[in-house]
Amino acid sequence: MGVENEEQGFEHVLGDSVILTTVEQVVGWGRKFSFFLYPFITACCGMEFMSVAGPRYDIDRFGAALPRFSPRQADLLIVVGTISHKQLPILNKVYNQMAEPKWVFAYGACVVSGGMYDNYSTAQGIDTILPVDVYVPGCPPRPEMVFDGLMKLQDIVQNEKFSKWPRGAGKYTAEELK
Amino acid sequence: MDITLIPGYQYMPELVEMMLKIVFIFTMNVGVFAPLLGYVERKQSALMQDRIGANRAAILGFTIFGLWHTMTDAIKLIAKEDFIPEGADKPLHFLAPFVAVVPALIAFAVIPFGGTYYLWGHEAHLIIADLDVGILFIFAVAGIGTYGAVIAAWASNNNWSLLGGVRTAAQMVSYEVAMGLTIVGVLMVYESLKLTEIALIQEDFFMWGIFLQPVGFLLFLACALAENKRVPFDIPEAESELIAGYFTEYSGLKFAMFWMAEFVEIVTISAILTVLFFGAWHIPFVTHDGLLSLLTSVVGADIGNLLLMFIHLAVFWGKVCFLIVFLMLIRWSLPRFRYDQIMKLGWKIILPLALVNILATGVILLVVK
Amino acid sequence: MQLLMFYLIGFFAVLSAVSMIVVRKPLNSALFLILNMICLAGLFALLNAHLIAVLQIIVYAGAIMVLVLFVIMVLNLREKDGDITVRKVAAQFVGIIVVSVVMVMVGASVDPSAISALGSASPEFGTVVGVGKTLFTDYILPFEIVSVLLLAAIIGAVILSKSKV
Amino acid sequence: MAGGYYKIKRGESLTFWERLYLPEIFRGLSVTTRHFIPNWISTIIAYITRTPEKRKIMTIYYPEELPEIPDSYRGKPVLVRAGNGATKCVACGLCEVACPPKCISIVGGNRSDGTRYPETYTLDGSRCIFCGLCEEACPVEAIVMSHRYQDLCEHDRSKMIYSKEDLLVPEKDLQSRLDFIRRRAYGKCNY
């Protein structure tokens, strides 16, 4: 909420700044077609992720093909597969290591809400610790559903204001997660 | 104002020519080939894997085969946060990408990309600096280029980076020796270090390096790929072992510069291969003078020379493009070597083979003469 | 123009040489040494000795310094913050005095007339042709002896590094 | 190309030519070239002649081209809206029990004529694993797996909890799936 108020203030000062809006649009256009993925794959959805990246569905068509295994160079954290509580600090660390701007993509029911695993060991959705941009349900999701999610994310990225960034670290520190 | 009053006016044509050539090479490398190679790498890998590749970005409904994705990548990388890790050596961290890019560009100074043309009384040589050490200069500059990776590795304050840097240093030292020896056979055949002279001899189709030195070509190709640090010799940035090797801690524009350095190196390697083994700017079975007299008889001497220059430029860059596609093919086909295999290949296979190649070339040359 | 280049490159050479000694971090020191080598190569190039300039870069800046960096990186020599002790200050003081004395002595011993009497080198000096001709005609015997020495060194290195079976 | 099978002979040890390594490299290159060149040419020809079906690449251009969905596909679970506009559900709670991730919760009630109906029927779309057990458990064919897979993604997780009104779909839209269930349930030999 605070961010939104600031945004209004920002806009108020600049008035109808056409230039800023145009720059935001251009940068948003550049960003939305050039996601470098960080695939954080822990479980069975990974198989379906391969199909998404493979020749039949080809995530490269959306410009999101280059998996960068260094979080510094990645834009989109794709969390694929069940995240247990043991995994949370690792996921949080990877998220914190990513350079701004960064987005999080929850892939599959386990990541979105814990899915089938409503138990003591599984995190009930990664949005308990990270800000998630797109939730894609399914166990695992159909590749088309992933592309739907990706296009929804592209719509957000296109219209983002610069004042949204930096997003900062995750909600909890490493000590709190342990 | 009389132009002759300007001090040093007699050097003006040379100066203008030099500036034009530098600008041309710079734009070819940084402006045309580096972005285009990003696209080619993407699209070619996609086609090789039966995919279609990037094609969604569009301006006014035109996707132009996904070429916009190059632009989106550039915009994204420029707008990305420039990250400097804690405990990093900040000046060196800043310096490293430049150290990686600049030598790759400088190496082009001694590569001829066209012959000599007489344009309106001015003699134009299409080479920036025709040094008599030629090919050695390229080796020297390639050696400097190593420091980009090493400095980046050290400055990042990261264990994976450091390992990548150590591997880079080891690989570069090993393969520079082998690379120097593989090229000796070529130099013996053409009896010159000057790349322009080597290129001029190859006007005759059967004097192309690929026919005279096939073994030398293969060995040099392997060494050049290793110097370039790409698959199958990408042990310094082995993703499954070292995250991203020496540029693990780089983001945004600096990371893009490492990328650009890699692409410029590919162009440089392709250009060297073209000059040494594929007849530089010469068209097979067509001599310079023959084509020139034909063009002169049609459009006159000056325009003819100009036309010939453009034809030769097109031929040269066409050959370079072909080799680039070939190098990309290798990059997307072959699996990565293990570290010990790379060292074994360098010291135990390529080096002895290069020595045998030198010996054989020497014997044949003695017999022929 | 040449003089200007000489002063520019010379300035950087001296600067990098001094920095190499002054800088505390071992890696930075090595990098300044590389810069110094490159500047030396530039000086050689100004003297029309292209081959020597290029060899300077290939052999020293390209190969040997990579090995030096390699060792620094493998040993992971990071900067260690030492306390400034009396002993260190005294050592620096003595060092400065010794260096200045040596410099004065060297400056006094150089005879300007001897330099002008040297004459200029042939235009072939330092080029590929010049060095090749000299090496393979006048100095063929030392050249061969050095090559045999290097061969012995290589074999020795192989034997030393070979693990015992 | 696609559809071809290669039979790979695996010897106990490498042959001389395989140990020589270089011929194998060229073989590897030739394999990728055999994919690269035909794909390249066919894509360009397909673009020029405007015949996308002729390109040899099997990639689906997703938002423009949609895949064919078989009847047996399990998409978003929906409630069937019967002819009278109400749900067929009798709030028996069998789907609630059968659901592996426990994403369905029903509060039942009685209509004035004494029949049972769900007052609320909540399905947590973020937990649903599209397994279809609710459909199999349902005795009155009230909940079926539709073929809908698009627009299930959300920016906000709270929007993914579907109420009864979100889930109700007219019966005629689900006819093919209902037929499939009946075939499967009553005539196992017929399909």
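The letters A, B, C and D name the chains in turn, as written, and every chain counts its residues from 1.
Throughout what follows, contacts are C-beta pairs under 8 Å (C-beta built on N, C-alpha and C of every residue); 3 or more make two chains touch, one makes a residue touch a chain.
Everything quoted here is computed from the prediction, not taken from an experiment.
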Taking mean C-alpha coords per chain and comparing to the overall C-alpha mean, nearest is chain B
Taking each chain's centre as the mean position of its Cα atoms, how many Å separate subunit A from subunit B? 37
Here the gap between subunit B and subunit C, centre to centre from mean Cα coordinates and rounded to Å, is 29
Taking the mean of the CA coordinates per chain, how far is subunit C from subunit D in Å? 70
Measuring from the mean C-alpha position of subunit A to the mean C-alpha position of subunit C, what distance in angstrom results? 53
Where subunit C touches two or more other chains simultaneously, the residues are none
Would you please write down the residue numbers of subunit B that are in contact with two or more other chains? 49-52
By residue number and range, which residues of subunit A touch two or more other chains? 55, 58, 61
If we use the touch criterion from the header, which chain pairs count as touching? A-B, A-D, B-C, B-D
Under the touch definition given earlier, write down the residues of subunit B that touch subunit D in their complex. 44, 47-52, 65, 218, 329-330, 332-334
Note: in the complex, subunit A contacts subunit D through residues 55-58, 61, 109, 112-116, 118, 125, 127, 132-139, 142-145, 147-149, 151-152, 156
Which positions of subunit D touch subunit B when the two form their complex? 1-2, 22, 25, 28-29, 31-33, 35-36, 39-40, 43, 47, 56-59, 61
Quick check on the complex: what are the subunit C residues that touch subunit B? 25, 27-28, 31, 34, 38, 41, 50-51, 53-55, 57-58, 61-63, 66-67, 69-70, 73-74, 76, 127-129
Subunit D residues within the subunit A interface of the complex: 57-63, 66-67, 100-102, 124-131, 149-157, 160
